[in-house]
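Chains: A, B, C and D, in written order; residue numbering restarts at 1 for each.
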Amino acid sequence: MCRFLAYCGEPVLLETLVCTPCHSLIEQSMHAAEAKTETNGDGFGVGWYSERTEPGRYCEIRPAWSDENLQSICSHVRSHLFFAHVRAATGTAVSRANCHPFKAGRFLFMHNGQIGDWTRLRRKVEAMIPDHLYATRTGTTDSEAIFLAALGQGLEEDSVGAFRKVLHAIRDEMAATGVTAPLRFTATWTDGERVWAVRWASDNKPPSLYWRASGDGLIVVSEPVDAQRDQWRPVPSGGGLVARVGGAPESFTFH
Amino acid sequence: MCRFLAYCGEPVLLETLVCTPCHSLIEQSMHAAEAKTETNGDGFGVGWYSERTEPGRYCEIRPAWSDENLQSICSHVRSHLFFAHVRAATGTAVSRANCHPFKAGRFLFMHNGQIGDWTRLRRKVEAMIPDHLYATRTGTTDSEAIFLAALGQGLEEDSVGAFRKVLHAIRDEMAATGVTAPLRFTATWTDGERVWAVRWASDNKPPSLYWRASGDGLIVVSEPVDAQRDQWRPVPSGGGLVARVGGAPESFTFH
Amino acid sequence: MCRFLAYCGEPVLLETLVCTPCHSLIEQSMHAAEAKTETNGDGFGVGWYSERTEPGRYCEIRPAWSDENLQSICSHVRSHLFFAHVRAATGTAVSRANCHPFKAGRFLFMHNGQIGDWTRLRRKVEAMIPDHLYATRTGTTDSEAIFLAALGQGLEEDSVGAFRKVLHAIRDEMAATGVTAPLRFTATWTDGERVWAVRWASDNKPPSLYWRASGDGLIVVSEPVDAQRDQWRPVPSGGGLVARVGGAPESFTFH
Amino acid sequence: MCRFLAYCGEPVLLETLVCTPCHSLIEQSMHAAEAKTETNGDGFGVGWYSERTEPGRYCEIRPAWSDENLQSICSHVRSHLFFAHVRAATGTAVSRANCHPFKAGRFLFMHNGQIGDWTRLRRKVEAMIPDHLYATRTGTTDSEAIFLAALGQGLEEDSVGAFRKVLHAIRDEMAATGVTAPLRFTATWTDGERVWAVRWASDNKPPSLYWRASGDGLIVVSEPVDAQRDQWRPVPSGGGLVARVGGAPESFTFH
């Protein structure tokens, strides 16, 4: 289980959401409130869009709470669209290659959840990664494998459909393999213009996901970053959101 | 606030105490029970004696709970005398140089506690470090400074007296500077033959310290590492212990 | 290109070979003499056997030349059989998971060389890893993949034959894929009792490999670690060695 | 010996100078041409000014040549004034706290050179750091100590004079202590508006320093970053430069 945050809207310093709020993502790295694991100290990552099509990224294996570089970058980088993630590893190594957000071309992707019995499924899910992307697989997480598989299913044209196809295929493989542990997928991704977020699980118990408008922008979080609980709306299980800078978020169903 | 463990006795693999028990030091790095901070994820260190006079040491800045190297070293190093420490930083950087145990010649030293208002006192305490040791100061903690100052006060001949002199001098400097925050010193050190442990604070509220016999050996801990709570005896505030391999521990007062 | 060293014989401190000689492996991390790249600063690893069947291991991503932990471990660990490696990455990330020696059960493996055009071959070589080992794949190197594939070809019973089968299969895949870059394999491995070393390449230009007797033991190196050049014998291209503690090394051909 | 680069002028992506040129600073981290040590793999740092008075900073202990974060930050951060440094340690630890550029308030500082026999001088130079800055000393280098001492000698009002006073005082202490090794100081610093660079040594053999105009800006380097050797002018021993964005550099003497 991990904690994440995605923002699109008026350009702001990353620190505005990552460091400053009372229950900021850095605070959540040590004291998450709604996660199964309170401590999310197994590495972190931030990704942001600037003047280029491809995003910048800073990942590290130490806890977010003690990293001076992260504080400095968040105090100096202003962006209209950024992602941030603090990790609680569930069986795979603590390494930069396993830190979210994952990046491929202009896309960023973050995931909270898991493929049940991952060690048994890994080979089958990696087989879903298309040849031309196979060598870009850098880590060992289920999250990165799902992302690369979705890229092979048309993520660039229909990202919601691509993830749906991959999740259904994984669910079918899990059933065929006799895995009874659930497949859970609370995730957010972006192509640099739009941000999507979905909340889905094969057992109907996906990890939490909240959002709120911020001016004409959108913030999506694992759990609220401030004390204004009434401003944050939960995304329902089987639901999703999509927004672009300057446009109102639209909700959709995700099954 | 940190968590530590010291052992002397029959040679055992480090893992016997550092990794395996239900409330081992590695477990305490994520879930300490009696500390002000539950998480001790700001680096760690182990030091051990083998065939040489000077101890070996392995320190790292990441949390103990996720470090494969630590697991491997603890599974393969057997020692009659070793120290282990997981750190919760209180204001100074997370760096190898700030990890306990500190080493000087054949000595190791670990500390749980603090010099109140350390940033105001630092210069004065560093002035207590003798010239010939000054260049060996590698970090910025109060703990290392106390250790180096004690080396200048005769640690090699009368270690208890040396720490007492240094603590009294620091207490006096704190009073002269107008610092009202307390000076707290729960610590353990060794010359490779004997292990000392003391528990003292200027406000009579030192961090916890427990010990128990282990065959003809001694284990000293911040908090018990297993569920046999009745086997562990608290060291009283103002008290200390000294033991050598094969000898019964002796208690003393420390004021 | 990397530099490595393997030792079996009378128990010695690791530092005897890793740190102390004039052209020690640590010295080679900054100034290799016979490698294509003089600097081998992309991480390192040591593995050693003690009282357990499985070896201990310490790997890190920083250069060997500046790591105090490595110095300390090598000064305090005495072993009858150990491996050490300093890495010069050739396209894959600098991460602990990509550091040699690789470990599987009681085996250790180190490799200097490469599978030409690795990014095109990766999927095919990973397909050679048997199901029950697939989840133990932690990194992205060709070296680890060859090792895991050999485990699936009977490494535990006939290690030389297992590597030969894997290398031939890879060579055939390279030909089928149209890869013209060579397959080079200068490697050493151990089951904790015997040490094997081979030197082979599809273009007959494998990286250098030397050995010498050390009492009734064996030292195998990428390049000599001391100035006594006449004591070191090159392993010929297409040749191999096997030795056990206390027995004279035997040579064999490897095609 | 280290390698550094400072830029002020039209806002450019950091990569323009740090990563892209044929002999960029990252290239110099492995293959410096004019330094005593070819390899500068003991950590690195970049500092840059954006919309805030205080600069951002990213430092790490691994070599610059293999750090994906550094590449990503340099590809996405655009600045009118930035510093970059790759380190070759000379006796002090490889740690973030010892990485240049050092930062204090709105100032950045980088140094190539050394105080001869630093371990003997350290106490005396640290005594020059004023009380209110003493607690900000995070590392153990001579470079950081010189910088903090200069802040106590009026760096904010007359930075050239402040460094001169400190260097003279250190030279006098060295003479009084009987140190015959030289004091060498090739350095650059900035307050966020102007960039200064000086080249001085007590034995008249300061490390190299070059500059060139870049539009209406200035680039200062340890050694040229590209093949256009004739565009780079050496700063003479005992010389200095100062420039601000949009203004022509002015030279001065520094004794």
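Throughout what follows, a residue touches a chain if its C-beta (ideal position, glycine included) is under 8 Å from a C-beta of that chain, and two chains touch if they have at least 3 such contacts.
Every value quoted in this text rests on a predicted model; they were computed, and no experiment measured them.
Enquirer: Count the touching C-beta pairs: is C-D or B-D ahead?
Expert: B-D
Enquirer: Nearest whole angstrom, what separates the Cα centre of subunit C from the Cα centre of subunit D?
Expert: Once rounded, the distance between the two centres reads 40 Å.
Enquirer: Between subunit B and subunit D, what's the gap in Å when you average each chain's C-alpha atoms?
Expert: One centre to the other, that is 38 Å.
Enquirer: For subunit B, write out the residues touching at least two other chains, lowest number first.
Expert: Within subunit B, residues 68, 93, 96 contact more than one other chain.
Enquirer: Linking chains that touch, what shape results: line, ring, star, complete or other?
Expert: The chain contacts form a complete graph, every chain touching every other.
Enquirer: Report the residues of subunit A in contact with subunit D in the complex, numbered from low to high.
Expert: Listed in rising order, the residues are 48, 50-52, 55-60, 68-69, 72-73, 75-78, 96.
Enquirer: Residue numbers of subunit B touching subunit A in their complex, please.
Expert: Checking each residue of subunit B against subunit A gives 30, 39, 41-42, 61-63, 66, 68, 89, 93-94.
Enquirer: Using the touch definition from the top, list the residues of subunit D that touch subunit B in their complex.
Expert: Counting only subunit D, the residues touching subunit B are 93, 95-97, 118-120, 122-123, 126, 131, 134-135, 137-138, 140.
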